[in-house]
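These notes are about the structure you will find just below.
Chain IDs A, B, C and D follow the sequence of writing; residue 1 opens each chain.
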Amino acid sequence: MKLFEFEAKTIMGSIGIPVPKGQIIKVAEEVFNLKLQYPVVIKCQVQSGGRGKAGGVKFADNLDETYEIAKKLLGLEINGIKTSSLLIEPKTDIEKELYVAITLDRGRKSHILLGSSEGGVEIESSDSVKIIPVQTEYKPYLGRKLAKSMGLSESKLNMVSEIINKLYSLYENYDLDLAEINPLVFTKDGKILALDGKMTVNDDAIDRQPFFQGWEINHLTDVSERELKAKIAGLNLVELKGKIGIICNGAGLTMATMDLVKKYGGEPANFLDVGGGADEGRVKRALKLVADNPNVKIILVNILGGITACDEVAKALKTFAVENVDKKVVVRLLGNNQEKAAEIMKGTGIKSIDNLDMAVKEAVALGGKV
Amino acid sequence: MSVLINKETKILVQGITGNMGKTHTGLMLKYGTKIVAGVTPGKGGQEVHGVKVYDTVQEAKEKTGATVSCIFVPGFYALDAAYEAFDAGMELVVIITEGIPPHDEVKIIRRANELKTNVIGPNCPGIITPGECLIGIHPGIIYKPGKVGMISRSGTLTYEVALTLSNAGIGQSTCIGIGGDPVIGLGFKECLRLFNDDPKTEAIVLMGEIGGTAEEEAAELIKKEIKKPVIAYIAGRTAPPGKRMGHAGAIISGGKGTADSKVKAFKDANVEVADIPSQVVALVQDAIKQPIKV
Amino acid sequence: MKLFEFEAKTIMGSIGIPVPKGQIIKVAEEVFNLKLQYPVVIKCQVQSGGRGKAGGVKFADNLDETYEIAKKLLGLEINGIKTSSLLIEPKTDIEKELYVAITLDRGRKSHILLGSSEGGVEIESSDSVKIIPVQTEYKPYLGRKLAKSMGLSESKLNMVSEIINKLYSLYENYDLDLAEINPLVFTKDGKILALDGKMTVNDDAIDRQPFFQGWEINHLTDVSERELKAKIAGLNLVELKGKIGIICNGAGLTMATMDLVKKYGGEPANFLDVGGGADEGRVKRALKLVADNPNVKIILVNILGGITACDEVAKALKTFAVENVDKKVVVRLLGNNQEKAAEIMKGTGIKSIDNLDMAVKEAVALGGKV
Amino acid sequence: MSVLINKETKILVQGITGNMGKTHTGLMLKYGTKIVAGVTPGKGGQEVHGVKVYDTVQEAKEKTGATVSCIFVPGFYALDAAYEAFDAGMELVVIITEGIPPHDEVKIIRRANELKTNVIGPNCPGIITPGECLIGIHPGIIYKPGKVGMISRSGTLTYEVALTLSNAGIGQSTCIGIGGDPVIGLGFKECLRLFNDDPKTEAIVLMGEIGGTAEEEAAELIKKEIKKPVIAYIAGRTAPPGKRMGHAGAIISGGKGTADSKVKAFKDANVEVADIPSQVVALVQDAIKQPIKV
């Protein structure tokens, strides 16, 4: 779960990382209650990158300007996501921009600290980024090592390493996938300030983080309505542009099925993994979510499993076929109780094709061709 | 011979009284796996499918001589269960559990490395030596004893390829589902080395997917060390960037972890890459005919 | 710092370890405000062991009895310590007593869990006590291992291991030297209850434990007034029964000097280590504390150090000699600036004897003999 | 030759800009110790007694080749400083700091053991090879080069005995103050082995005190392994039970850790025990005359 900038900053501020004092508005007229000094910066609160490029960050010297900008920015679409709130903060006189972050390094199988003495956009992929792995328990010297590697010295070294200590405690205590300050700035009057912050709470850990209970749905802004529904139902749905809806069990097999659709001339409309051991209800919900996508012309169901009971899947397919006579379905169904399943599907017109390549070709032929 | 496990391997199941644990203990026993004990705190003395349950791994090991643990406990309890297995001196710990927080996974794998304990998973189907021993949730019926070693990040995709191989009369030595999470125990590299050293294995099938750089590193290793033919398949050529495709580890981020990059790495290492799963069969058949590199 | 039973139980209760609901009284008449069911148990709140044997735990069936007992127990001296408060709790119907504790094992260089299925006094040295070392991070399975080794099973195993998890979190988060529940009981109605608890906060860690700030002085009940003053002044003073007051630098040398005093026929009146690099003020305070002990007939000062400035010590000695002409002092003073020191002490009548054995013999001869 | 350190040893001082660090860096330099660097975060570039200060141990090591760290930072910062020294690959870490919380000490020693790094201390006077190298706060002037190895839990008591030895013309090979805390790095046993293997050392003086069972264990080891004569002294025969005698480790609790028990253990191991510190001299003189056990 990605937090919004203002949330990340509130949390950072709560443990003593200096952040600008800002206000959040959701309606342009709220600017008349601003208690900030001008000039201010007005920032769209969206979880998408490239906000600056998309015109989502503006400066204003007085109330009138602020109001005009607020009216324009509220509702602004950034990478397909509508802005519903703005963060307004006093403009900072920046002496120097830095970048610091903490995340998991898959290759090293350890958490890593990242830092650069150049802040700003797309710094993550810059050569100036230094990496310090956290091989065992985090200790403050690691923050100092990072600050040192960033070329800092004297009081700046201590100020930055202190920020890293605090950021790490958030990273660890809140089960974050990412904690990032970019830019972290030294102001012209010698202070340090987190000007922008990102925090991503790990999806598998969020249920043990009471602080974030109930936050998830509000934070799924970059997904379609159906993806949101799937998420709530515990299904993995990612929508794409094609016409062939896909329902599989297992992430790898689902991806492989998508790839096959493409290979045989079609375009997948989605990724949907029903997981292992799905029952009738679960498959029904999956069928409905995929069928609800107006782009979908045909649904390809590919279930292969030792434990998934094929008869449960067949029952869901039968009900679906009865209720949605206009929807074409191609099925490949192998595994536990597959004979029972064949029995159930008799007379529904749904036929199961055992060979995966054949099944995909059939789906493409039946209307899925690009 | 086979890799990591064989028909003599004695296994205990942590979380044996849960739904998953109970179901798969039954299936593993049916397959002929030597499940000698189960562990559920407070349920010591009960039985599941005739397997005696103990309160602690320590006791289960002392009473039965189990050397491998298969973990089915829920995600937030897996760290504790894994530490318990390590502490009791298990030689191999197979973690089936899905949805373990990555901060816990880092600790599990670090501790396993400290103690030089082998871990398979988390979030994996386990390991099977067809005809001898099944640990985890692989559908045993799909597999046949034979000479192809399989390593895969994905469960059902492994079954898919194993099925086509078995149907074509090509059996498997051992199949290892290494798991779909970002942080895992044994990876492609470690498993490639195991199969390279296993006299029974004549060819290796490696099934990767988008996300991370494990496939690229495996390709490097194959170029340098692996004497046996390797056939690769990569899932997710059509996956969009920035979206998690089911597995926590299956995500293209910051332009890294694309299928193209992985396919290219394998081709650079002279590894045959199947375009589609069913093509693996033909490539394996070709490979087995070739003499082994020396 | 040893906590009182009622404090340990309050802290345990705060994280969900079940403890009896009790009330603390400091004046006997407070029993008229008791809101507890009879029968009750009335327990002297002293930090000393052997409370039961000394008659510090009584039962009462009604208010009158409670009042009579409270009057008797308040002020009761247990191992030399006066009882100033009583904990009154409903009496528990005990089915089984257990013992669990967590402490540091010096030999193993690790924390250990201890447990026994026999509770009660002097269990610590019983053969029934099982030990589980915590070799790395604590995890709940260790608590289960302990509970198992104590012979527990089924729900009792889980109840006890859950208590150990909680006790460990206190042990770790509060920098405890010892966390103990003895007895931990199963009641006749199937509940688990911590009937008595001990917690010792580590003295070197207490300054990073904000919860215990300011608690220390109230908890030094088993020390003399002068020992308390020394503690506040940062000096290590332990008083004994003899006549020869001892001031040294370094714990080992102080103990060796005490041993020498005994060897040569005297009895040490105290252990006092002024530490390394003591200055004039510190030595003055030490001299005063030792001299204030009415048993002390002679003071033996033994300072040997590279860094302790002998002239600083000499200045303190000179002042002391002038202000306390009646107190005899024998000095052995070697180290940095020892010539300057000799100069300072000239004419004060204080002579420094370089040889330690000679100095001790002199002190014993000059009035320290038993 | 000597134990652990010699005149070539390059040392860095963590906490060099603090009072203790500054004073003792000066004294160590005066003794001839090769202090090549200091470390204080944020003070990189400054100098203390002509020694350059760095921000991190890593940098100090890279620039100077230091292999030993001497730690003077305050108690609550010692855990961090020690981890930093370990991580930077120091071979020996001498922790002078007093008053480190035991929960931190457990972590320090555990991590050192994992990485096989030698630690002396905490709460110790350090180590000295007379005439070559002094690391810590020993008063160098008291010591003379020679053939007696010394191991002690106490600082000033070591000075006392070293002084009487030096005055009697008996020099020391190396003297190690192992520290007075309950949890320490190198203990009596490890140091006994070092001296046993050191050709320069002909006799070993071991100074113990009340508390713990380290002396009893040392006696066991001496019986089994140590070929050279050992002379012991135990402080605290008059210490009352249950009271901490200065050192955190010097406490008789639950009837354990008494001087009597330790003296008895040594006598059972045929180790000569001095009744008073000055008696050590005569016992050493006698011992050196004896042929070494084979």
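In the analysis below, a contact is a pair of C-beta atoms (placed from the backbone, for glycine too) under 8 Å apart; a residue touches a chain by one contact, two chains touch by 3 or more.
This one's a predicted model, so the numbers in the text were calculated from it and none came from an experiment.
**Student:** Weigh A-D against C-D on C-beta contact pairs and write down the one with more.
**Tutor:** Answer to which pair has more contacts is C-D.
**Student:** Report the inter-chain centroid distance for chain B and chain C in whole angstrom, where each centroid is the mean of the CA atoms.
**Tutor:** About 55 Å separates the centre of chain B from that of chain C.
**Student:** Just how far, in Å, is the C-alpha centre of chain D from the one of chain C?
**Tutor:** For chain C versus chain D, the centre distance works out to 28 Å.
**Student:** How many angstrom lie between the CA centroids of chain B and chain D, rounded to a whole number?
**Tutor:** 50
**Student:** Show the residues in chain B shared as contacts by 2 or more other chains, in ascending order.
**Tutor:** Residues of chain B never touch two or more of the other chains.
**Student:** Residues touching two or more other chains, restricted to chain A: which are they?
**Tutor:** Chain A, residues with two or more chain partners: 136.
**Student:** So how do the chains connect up here, line, ring, star, complete, or something else (other)?
**Tutor:** If you draw each chain as a dot and join those that touch, you get a single closed ring.
**Student:** Could you run through all the chain pairs that touch each other?
**Tutor:** Pairs satisfying the touch definition: A-B, A-D, B-C, C-D.
**Student:** For chain A, which residues are in contact with chain D within the complex?
**Tutor:** My answer: residues 135-137, 139-142, 144-145, 148, 153-155, 157-158, 161.
**Student:** Please name which positions on chain D make contact with chain A in the complex.
**Tutor:** On the chain D side, the touching residues are 41-45, 55-59, 79-81, 83-84, 87, 107, 111.
**Student:** Note which residues of chain B are touching chain A in the complex, please.
**Tutor:** Within the complex, chain B contacts chain A at residues 23-24, 27, 75-76, 99-103, 106, 109-110, 137-142, 152-160, 163, 180, 182-183, 207, 209-210, 212-214, 217, 233, 235-240, 243-250, 254-255, 275-278.
**Student:** Which bits of chain A are touching chain B when the two form their complex?
**Tutor:** Within the complex, chain A touches chain B at residues 104, 106-107, 109-111, 124-125, 136, 172, 175, 177, 202-205, 207-208, 236, 238, 240, 248-256, 258-263, 268, 271, 273, 276, 304-307, 334-336, 356-357.
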